[in-house]
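One structure below.
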Amino acid sequence: MKFASNAAPHWLGAESVAVLMRQVLYALVPALIVLVWFFGAGIILNILVAAVVALGSEALVLRIRKRPVGLFISDYSALVTAVLLAMSLPPLTPWWITATGTVFAIVFAKHLYGGLGYNVFNPAMVGYAVLLVSFPEDMAAWPLPRNITPDQQTLSLFTVLQYWATGSVPADVTVDALSAATPLNSVKGQLGMMRTMPEIVGDPLFGNLAGHGWEWINAATALGGGWLLYRRIIRWQIPTAMLAGLLAPALVFYIVDPATHPSPAFHLLSGGTMLGIFFIATDPVSAAASNRGRLIYGLGIGIITYVIRNWGAYPDGIAFAVLLMNLAVPVIDRYTRPRIYGHGA
Amino acid sequence: MTDLILIIIATVLVNNLVLTKFLGLCPLLGASNKFETAVGMSLATTFVLTLAAAVSYLVDRYLLVPLDIEYLRLISFIVIIAAVVQFTETVIRRSSPMLHQVLGLFVPLITTNCAVLGIALLNAQRSVSFLQAVAYGIGGGLGFSLVMVLFSGVRERLDFADVPMPFRGTAIALLTAGMAALGFIGFTGLVQE
Amino acid sequence: MTNGRTSNQALPLPAWGIRLESRKVDSETGAIKKMPPPGELIVALKQNIGVPAETIVQPGERVLKGQPIAIASRWGLSVAVHAPTSGAVMAIEERPIPVAGGGTGESVIIEPDGKEERYAGYVAQMNSKRLPPPQIRNEIMEAGIVGMGGALFPTATKLNPGSGIQALILNGVECEPYISADNALLTERSDQVLRGAAIMLAALDCDECLVAVKADMAEAQAAVQAAIDALGDDRISLVVVPAFYPAGGERQLIELITGKEVQAGGLPWDVGVVCQNVGTAAAVAKFFDEGEPLISRIVTVTGDGVGTAANIEVMIGTPIVDLVEFAGGYTDDAAGLVMGGPMMGFSLPHDQLPVTKATNCILVAGQAELDPSVREMPCIRCGECARVCPAALMPQQLLALARGPDYEALESQGLQDCIQCGCCDYVCPSYIPLTSRFIEAKQGLWENHLVSQRSALALRRFDARGERLERRESDRSDELQRQVDEIGPAGEIDADALRQLKQRVKSKKPGDKT
Amino acid sequence: MVAGLLVMAFLSGLLGIVLVISARRLPADTMTVVDQVNGVLPHTQCGRCGYSGCRPYATAIAAGEADINQCPPGGDEVIVALSQLLGRPAKALDESFGLAGPPIVAVVDEDICIGCARCLDACPVDAILGAAKFTHTVIANECTGCELCIPACPVDCITVTENTSQLDARAAH
């Protein structure tokens, strides 16, 4: 009897890339729900635009490059990039801004480097940073979260749609409700005006710890992140190190001078901290390879994020920190190779 | 002391010569193919930057200004830089012939690295102290080295990436430089000058 | 040596490796079955790493059970081969043999006569443990015993490490799924294994023997412990190894038990350890107790593709087709034939291949037991492969380097230290055949080495030739000077003429005959 | 004006002196590059690169006179190794110097050989055994396949075949 020959091993035990990516999408659901609750349905529009543009541009590039379109589209990686980018954007973002960022993320940051697995920089963060420097005003324009808007409601769907399609709003909508400062933004601006932290956080915008709504968004994001850890889709090294890199300086400076430095809890639960820790820094392709390297990588992102938040001109620094550490990854990898069995002590 | 450290931080991160001023792109693209080469090039450029900043400051402050012949700044700085580069090249050729061979034309080309002349001229215009002038030189060199070394690591990794044909080599390197510059934008405002 | 561990102590979990479903239940039920001689035995002469044995029988000759039919070659590592049963030598010819990648080897074809007539040249030796070590090694060599865990290293050579061996580890770990030949052996014949261990200890002049059994093999553990208690030999103890793959790899097992690493390019005895398979120990005992050389072994025949999975004691040289037939034949589900386990075993293209001393398992896989060929995706650098690698390599980096290929970096990043266990393939979410890539890259690295070795040799010889030509030249001019000196005073040769003469001689090409 | 001239003259003179002194004082080391390049070459000494041997070719590469793609026996491996060593871009073999092929060895047809010993001196690595009036033979393991012995033979008894000794060496490994 004759048999087909295959190379060893004959057993495979892993879940596919597509399954892993799908889990990441599921893990984002709690954060998405809270985000919509506080800021309205605009975020859903962002995701739709980003997803359509991401899949479309990915399919286009794959076709041009004569790569199997179906195989790579169905790995969900473009979708994950799109959703992460969309969830970083303000809920009121005109469609062309979202589309521009997505094209940069998918085409420039991912496919010009060779597609899945080869990108040096985190595609979602490239897209985000491009938008941040190209459309600074739009990117800072977050509406007020539910309950502290004048009418205690999020913006009506009609307003959102109109803004989404045209970039302007009906005359009867107050600009305040549309583009308030985020807590991170507000802290930066008011500290610049010589107000102290205790005064600043008295504002209802700040909620209990780190900004009304933002606390819950970050908590929900962390919940999804915890699930990814539990499912072993991400490992503990990068989140832990990034947390340490952000919290350690925050704690030190808070103890030294609480009047001009936000508390560690504020840093932990405001802005995109949790999204960065669990979903963005943990992108394996653009992260360091070894466990030791990942600790350094995460620590670097945390520290740079704190430095930019505290002393830089931009309210949040996660995207920049991720890009900078992405750049450092090959050098980190070079110096953090584990000792091979049988070589040295 | 603090002002010197701030100057160095500012020139390394905030006003990074390569990624925010886009000076010295020629060696960045030309000599970053290999990690070891990039390290050599970084050391050479840092050495030249620091030495040229110091010497040109002294010549400017104690020769050109007292004699009231500042109009000779440009030409005398160029002479100084050329001499420093020549000196560096001699040192490299004698101490590490292999590195000299690999760097090839890029060592003499440090002369035309606008970053070097830029730092010297800026120092002359800004009425800084000698130590501050040197700090600008060191900071500029370190900033260049930082980008050079990180960049060469990325380029070594790109050698194994499935980059589309038309984008191989310089194209993808420039794209990478652009995205790295995006990262450096984050340091904006870190140090007020 | 063992950090003061006593017997039965479980070891800490390794930082590497994977947990695999053991799938051993089928073949553990029921005793080891003994298979009668088949219609034809194909006894390959290459039964070990190194050089094939040299045949000493002729076609047509009658041989007896246990009679040597080939002796160890003098040209390298080699062991003797014996007739598994009595019968007639039909031919000595090239036959396909089961090796990775396929191939043929010179084989002695024997037609058994069914009489099982014993060869009288070997007798039981009751005083085995008091024999001098060199003699024990000679006897083991004579018995044709090789490492039966699949490594096929001649056992006698491994028992000759010089002095300073602190422990003999008997490897009964069998960490691959399905394989249970050692498990069955330990469960049923622990006493025989321990007798072999005692003989090996004598050969090694060593006082400690650890029998390593996997954590999920409770029956075997109990049997070994019972045999140790019955024997009352306090030099031998049981050590339970975590059920991790590849805990049964020689270096991995040593690391788990002793905490020591065998350095790259080194051998276990560098750290004072010798590792032997439990089956090897049983074979040693069999030779000294019964005078029977290594002519049979226990093979696990298993998988959904075979009628009744079982551990079968079978003669070396039995065609696999007959072995499967004995185990109940193929089922309709049979889809793949693998020698060894699903992780490191290799596919066999057909079943007309003989059992060798290395055949520990024949896996007749059903459709559902082999992973269908899946579409390979690019590496996403998730790092799971590095987490499980027992050699602490970074397969994801090696993969990128192998694309180059950058042989210098591949070497410095440990390609040569890859043990090809397949763990990285198993955990890869992109389904990249990493192990195959590394085997290919190793081949390339080896060729690359060869090229640079040839280049270095050529340079050496070129330089030597240059020196030789120079020497010849200087000899020649010395000779000329001598001649000039001789005739100088007598003949009237002026300086110009002398110079011209010298010039002429010098300008002669070295190739011209003088 | 005069001050300017003087200052420039002074500056140039001073820097010139410093450079001259430094160039004299620092020890020269010109062999390293040639040695390293030489180490990469295949040492067939075949001369197909246009230089009389591997070392002269290495010297020319180090001096920047020769390109790195002129060595047919070395093939792509040598070009890649040289490009990595020297940081020059790798390029395809310049086929005007010859085609890369599998490793080859020379074989003497012992029925035709007249024992003239000419090939002995043509071989750059002394890989041909023999003496005048005796049939010659090639030590296959040491032959580099440079083909320099072929034109030296007056009766054309030397041919080249693919070198299989590598495979043997691997099998014995």
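Each chain carries a letter (A, B, C and D) given by its place in the written order, and its residues are counted from 1.
Following the convention adopted for this analysis, contacts are C-beta pairs under 8 Å (C-beta built on N, C-alpha and C of every residue); 3 or more make two chains touch, one makes a residue touch a chain.
Quick caveat: nothing in here was measured; it's all calculated off a predicted structure.
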item: Which two chains share the largest set of C-beta contact pairs; value: A-C
item: Rounded Å distance between subunit A and subunit D, as computed from the means of their C-alpha atoms; value: 56
item: Cα-centroid distance, subunit A relative to subunit C, in whole angstrom; value: 51
item: Geometric centre distance via CA averages, subunit D-subunit B, whole Å; value: 38
item: For subunit A, residues contacting two or more additional chains; value: 114-115, 118, 333
item: Touching two or more other chains - residue numbers and ranges from subunit D; value: 84
item: Residues of subunit B touching at least two other chains; value: 157, 162
item: Full enumeration of touching chain pairs; value: A-B, A-C, B-C, B-D, C-D
item: Residues of subunit B that touch subunit C when the two form their complex; value: 157, 159-160, 162
item: Subunit C residues touching subunit A - in the complex, by the definition given at the top; value: 18, 20, 177, 251, 255, 261-266, 321, 330, 334-338, 340, 342-351, 365, 370-371, 373-375, 377-384, 386-387, 390-394, 396-397, 413-414, 417, 420, 422, 425-431, 433, 435-436
item: For the subunit C and subunit B complex, residues of the former touching the latter; value: 378, 400-401, 403-404
item: Residue ranges of subunit D touching subunit B (in the complex, touch as defined); value: 3-4, 7-8, 11-12, 15-16, 18-19, 22-23, 26-30, 32-33, 36, 62, 64, 84-88
item: List of subunit A residues in touch with subunit B within their complex; value: 65, 108-109, 111-115, 118, 120-121, 126, 129-130, 133, 304, 307-308, 311-314, 317, 319-321, 323-324, 326-331, 333-334
